[in-house]
Amino acid sequence: MPLLEVRDLCKDFGGLRAVSNFQLKMEQGEIVGLIGPNGAGKTTVFNLITGLIPPTSGSIIFQGENLVGLPPYRIAAKGIARTFQNIRLFKDMSVLDNVRAILHVHNGYGFWDAALHSPRFAKKEEEILARARELLEVVNLETRSRDPARSLPYGDQRRLEIARALALRPKLLLLDEPAAGMNPREVASLTELIRFIKDKFQLTVLLIEHQMGLVMNLCERIVVMDFGEIIAEGTPHEVSNNPVVLEAYLGKGAVVNRC
Amino acid sequence: SGKTAQTNTGEKTIKIGFMGPLTGDAKTFGESTRNAFLLALEQAGMKAGEYKIEHVITDDRNDATEAVNVVDKLISQDKVQAIVGSVTSRTTIAVSEIANSKKVVLISPTATAEKVTVDNNQRKEFVFRACFLDPFQGEIAARFARENLNAQTAAILYDQGNDYSKGLAEAFRKSFEALGGQIVASEAYSKDDQDFSAVLTNIAQKNPDILYLPDYYGKVSLIGKQARNKGIKAVFLGGDGWDSPELDFAAMEGGYFTNHYSPDDPRSEVQKWIQDYKSKYGAVPDAFATLAYDATNLLLNAIKTANSNDPVKIKEALQATRDFPGVTGKITFNANGDPVKPAHIIQIKGGKQVYVTTINP
Amino acid sequence: MLEVKDLEVFYGSIQALHRISFKINEGEIVTLIGANGAGKSTTLRTISGLVRPRSGKVVFRGTDITQVPAHTIVRMGIAQVPEGRRIFSNLTVLENLLMGAYTRNNKQEVEENLERVFKSFPRLKERIKQLAGTLSGGEQQMLAMGRSLMSRPSLLLLDEPSMGLSPIMVEEIFEIIKNINHEGTTVLLVEQNAFMALQIAHRAYVLETGRIVLEGPAKEVRDNPRVRTAYLGELAFVS
Amino acid sequence: MERLLEQIINGLQLGFVYALIALGYTMVYGIIKLINFAHGDVFMIGAFIGYFAYTFWGFSLWGAVLIAMILCAVLGVLIERIAYRPLRYAPRIAALISALGVSLFLEYFCSLKFVFGPNFRVVQPPVKQIHWNLGGIPITNIQIIIVAVVILLLLVLQYLVYRTKIGTAMRAVSFDHDAARLMGINVDFIIAFTFALGSALAAAGGVLYTLAYPQIHPFMGIMPGLKAFTAAVLGGIGIIPGAVLGSLIMGQVETLTAAYLTSQMRDAIAFLILIIVLLVRPSGILGRGGPEKV
Amino acid sequence: MERYFCTLLRRRERVRLALLGGLLASLYGALKLLSLAGLINEYWQRVLDQALITTIGALGLSIIYGFAGQFSLGHAAFYGIGAYTAGIIGKVWSQGSITFFLLALLAGTLAASFIAFLLGIPILRLRSDYLGIATLGFGVIVRVALENSNRFYPPLGGATGMTGIPQVANFDWIFWFTVGTLILVCNLIASSYGRAWLSIREDEMAADTLGINTTRYKITAFVLGCGLAGLAGGLYAYRYPYLHPSSFDFLKSFDFLLIVVLGGLGSISGTVVTAICWVFLLEGLRIILGQAFVDWRGVIYAVILIVTVLLRPQGLFSGKEWRLLFPSRDQDGTWGKEGKHASLRG
């Protein structure tokens, strides 16, 4: 059974069909790239999967269960976490608490435990704290754990978003342009990071990105969208030599050749 | 009043507190009351019998919580022996309980609710007032409407958040019906409403003989005007809240209201009071001022009679007051500490207040 | 044309720029590269007057503009495409563009300019009545570029114009930057995509934690070994 | 039936009076995103200035309106300068508290004896009320004046905000100050202008209000201000026609409740309906809520 | 390493609790002594009690608005619901017994919470100013209901107000209830509840997408905050001899709001300090201005309000806390204290 299966997904905004007959199957442990021109509907696909907006039609099946109609937090609890194209951290909270806020989802203690700080609470909180530190270490932010998230530089904010998503213990991680605003060297280290967390946490990753270096290096399979539809699908090599993709997305330029 | 060096040289003093709304949206009432209080003290030469008067003026913003704080301050910090105040029932009920239990004399000029002096069948022995009670005025108005105006039907329009207005309305309704009249409409509004056309349209439909408007002058002026615009021909009738130079005399023309005194009254107390107030403050006194003047004088008189600054003695003297010649009539306190005095009916006629008749309780 | 002297900028107690100085000549494309948080955006914001420096000077065509309010600086001919686009989501695409021409009063010229922008960005013309907030990321970047061109600046400050754009758009944007430059606009370009930036720029400055550590003609900077490993990263050995 | 019609007219009158205040309120909110609690008090000051102008200074009604508008515009700019501008970069709620402070200040200050004094004053408006009877429905010239002014203001504002350059700049400023600066927009000027305009509108509302309800006092602005703001929210705050629509609905709800249900519960039911409407349309009737773009 | 870390935390935590307990006990002792020595007269005692009662109510709004970010302009309504519920029980049944007093407080708290729950489910879907107006509307509804309450049950008094509640709440009760509330609130804030509330305030959509049941947490915050308002109301009813609908109308809600904002959103310490200062300021002005300037009290108050907010727009404490109030575990960066990240970068 595939981990995620999206069938015939459509989304209309007024008269605009932003996503049209989108199909996707992801097996456990895959990294799939989702690329396409600006406005192709990639982010919309993420929004549909995470339940932020309801689809016009189609189904999203995760581990054999249809997610359509579930509220976002229920979908998240089933194991789908994401980052945002325009960073959406909890800006005035500390770096540490950005992660801890999400961690509790798996560390239930009751209201009265929290109100009275019962021993059980203390134990769980120590676990949460240790886990949060561990995640911050993974993204290399442990030294900044007490700074407010808003004071981090851009790239660090992106990595914090990843740590926060990992706090959910997801099975499927959706990354929306994680490398935006990073220079090539930073992209390289991000590539390593994604690879590392994928193995460490046994993730399946769906990745939107315009930086071909990252996509081509990481992904086993790439799906290309344009005007809401899938126009090509295949290995990095296949995709980067597909004339339709070259025409619509990559251009004839040097970018691809370099990869 | 500053503490002067003299007060320490063995002179006998009594400290009187004043409380009322001196800020906030009831400030206009508090200001009249304070004016009269100060005038009364001044006229007494800051002395009551052998006692030199010190006074403390405080503001309760017409807020029940603040009023309680203020009365605590007057009693435990300023150590007053007697208090004139507060102005509205809302604040006075809140503080009367405390003044009574702390054995400090409190006389409210204008708080009309029954609960001010007696609550739960318990007389608050240290608490008095200078004004009518709600039921009394409502009843007088109803009697006047039935007996003098021969009204068959009446409509009532009152402020549901104001116990004065509500109390009068209730009393009027009961008496009017008991006397065989018919209440055709009883409608309410809120303190800050300015538009009454909806209820007035309904009242116009019922075509009552009387429209009873138990509220302060500001509100009734607005209502009166709108009522006439709606074609309501009923005679307006109201209570002492109407008594103010700021009443819209044109709109209220022909209306009657129950009051403590009449400016036409030739009694010297009345004429002198109006004269004195006018020359000091440049305006005709309203009901608040007049009652505060009487309340203060009642208290000063009691201090003089008791010749003491002991609240217990003052209280006894107050209770024993007989036929005190106040502006609002010859005042005698009943067992509840409420004044027994006749009500006057005043008519708004030709832009003036005109004495019509006196009705005894 | 523009000269920055000993600029020091603080955010609260945090120093973002440490006495940096650089120059831009008429007609040049100058690029400013540096890691995240190096202070590139801060530099641009200071030039535009959005941030006031604690000390130092910004001189534009001989005038000291350090204390001139931001809106006047625009009138003097400096436009900025800010980081993160900052388009007016609640206005339509057309209104956004017209706001770009806020300082200009000649209707005719504005019309012409509008046509030119639509030629560079045909996608914008298709969505002229759409609320800008509902555009996709790339469309928004095009709008931000188009909007800044509407004021006909003589100096254009670009803060990461290629961020979030598809490769084909990135090329296009760089093409456009070159064209704008050819038509006489001086450009100060801040880019993460250092490779591309160094390709089109004449000169480059490298900023590290608020200090300029390297400067020179773009080609030289590109060949500097330190830059190759620090900013061109993997790219350096892939190519 | 005829009575129902008359009640509806009562409701319309009330609604249009709310609209008079709500228009300025919503315009300022739309641009600055500030619940300007002082709006109701500027309205009060406008009413007082108008009263002085036509009673003591010998102005006609429209002269009084004009002078009140001018003086209040100045006052509005002053308030903005002192109490809001320093908070431009502070959290939105700080400006709201400041507005609350300004509101209290104006109320308490104006009720001091040497300013306006605490009294309720009866006003003799310069226009005599004329009653007409259109097929059994009573209508007055004052109602007509108010309706005409509201419609005029609605059109003028709508044109100004959506069709002119300064209006577009106002909307741009409302979204992003820094980006607006980068367009060459003088943000401080635009905001001052918005306040001047909003305060002038409040003043006009204040003077015309005294035609319908000829009584003024320093605390008169609180309730109408609050109701007008509520109406603006009901219609979709920041949306100019929404303010009028919301006001008309508020007027009808209040009037019909008082007339046919219970006058005791009038406010309660009016607000209950407001809450219910908001639950159905969480951004007000004309509000464009929609899900935010991610 | 982890082990060591945890034992260290536990030790620091014990020290903190001992310090906090000691501090509170000595504060209580000092106040008690002063009052026995007659240095705090009944007036200042009353003001102090009012300040503490206000603190409890303000802590409630602090949770709702300061932490969970839900704009409520109807807080005083719940204060009123608590006061009337507790009050009527005392008036009709208790005759001054302490057991009944405590039961009444509980009833007041629960009544406010329950109504908050019923109201919260539908209206917490609204956002910012819309929510503000809806809660304000609820405040008006409650006021009207209280004004007409005597028609349903005469002892409630309606517009005449309610008297006859035994005045058994003294400083001791109020002080320890405040302390209890403070500890409860701090504990919750330093738990997953607090973090979930903050995350909703910061970015509700992101929180939702990352698995936080935002509806549930918003309702929890609202119910809890309103419950505290109810508790404060209950204490008020047993300390002030008279309840009147006007004491709980929407203008009173603004008082709570400005306390929470001036204290600094998301700061418990700020809320406590501001609530106390605010009450003492209002009364203090009485003393400072004397009778020559009584009329100016409102003006000066307004000016102080404006000046304060201009000087400290983020509030007095702006997200900072007294460390003593929170477990050492959380000192490592809650609510974004000003970091030293400049020196760490590079």
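Labels A, B, C, D and E are assigned to the chains in the order they are written; within every chain, residues are numbered from 1.
Here is the rule we use: contacts are C-beta pairs under 8 Å (C-beta built on N, C-alpha and C of every residue); 3 or more make two chains touch, one makes a residue touch a chain.
Values in this document were obtained by computation on a predicted structure and should not be read as measured data.
Chemist: Count the smallest number of chain-to-chain hops linking chain B with chain C, moving only between touching chains.
Modeler: The fewest touching-chain steps linking chain B to chain C number 2.
Chemist: Determine the set of chains touching chain A that also touch chain D.
Modeler: Neighbours common to chain A and chain D are C, E.
Chemist: Contact counts by the stated rule: is the higher one at A-C or A-E?
Modeler: Result: the pair with more contacts is A-E.
Chemist: Please name the chain that ends up farthest from chain A once chain centres are defined by their CA atoms averaged.
Modeler: Result for max centroid distance from chain A is chain B.
Chemist: Need the CA-centroid distance for the pair chain C / chain D, whole Å please.
Modeler: Centre separation, chain C to chain D: 43 Å.
Chemist: Cα centroid separation between chain C and chain E, in whole Å?
Modeler: Result: the chain centres lie 49 Å from each other.
Chemist: Using mean CA coordinates as chain centres, what's the chain B-chain E distance in Å?
Modeler: Here the centre of chain E sits 38 Å away from the centre of chain B.
Chemist: Distance from the CA centroid of chain D to that of chain E, rounded to the nearest Å?
Modeler: Chain centroid spacing, chain D to chain E, equals 33 Å.
Chemist: Mind pulling the chain A residues that touch 2 or more other chains?
Modeler: Within chain A, the residues that touch at least two other chains are 43, 52, 84-86, 88, 151, 153.
Chemist: If a residue has to touch 2 or more other chains to count, which residues of chain E qualify?
Modeler: 143-144, 148, 205, 295, 297-298, 338, 341, 345
Chemist: Among the residues of chain D, which ones contact at least 2 other chains?
Modeler: 107-108, 111, 113, 264, 267, 294
Chemist: In the complex, go through chain D and note every residue touching chain E.
Modeler: Where chain D meets chain E, its residues are 35, 82-83, 86-87, 90-91, 93-94, 96-98, 100-102, 104-105, 107-109, 111-113, 226, 229-230, 233, 237, 264-265, 267-268, 271-272, 274-275, 278-279, 282-284, 292, 294.
Chemist: Which part of chain B faces chain E closely enough to touch in the complex?
Modeler: Per the touch definition, chain B meets chain E at residues 22-24, 27, 56-59, 61, 63-66, 68-70, 72-73, 75-77, 89-90, 93-94, 97-98, 113, 115, 119-120, 160-163, 166-167, 190.
Chemist: Using the touch rule from the top, collect the residues of chain B that touch chain D in their complex.
Modeler: Residues of chain B touching chain D: 23-25, 27-28, 31, 160, 187-190, 192-195, 197-199, 201-202, 205, 217-218, 221-222, 225, 229-231, 246-248, 251.
Chemist: Using the touch definition from the top, list the residues of chain A that touch chain C in their complex.
Modeler: Per the touch definition, chain A meets chain C at residues 13, 35-40, 43, 85-86, 151, 153-156, 177, 180-188, 191, 210, 212-213, 248-251, 253, 255-256, 258-259.
Chemist: Flag every residue of chain E that touches chain A in the complex, lowest number first.
Modeler: Chain E reaches chain A through residues 2, 5-6, 9-10, 13, 184, 187-188, 190-193, 195-196, 198-199, 202-203, 205-214, 220, 266, 319, 327, 329, 332-341, 344-345.
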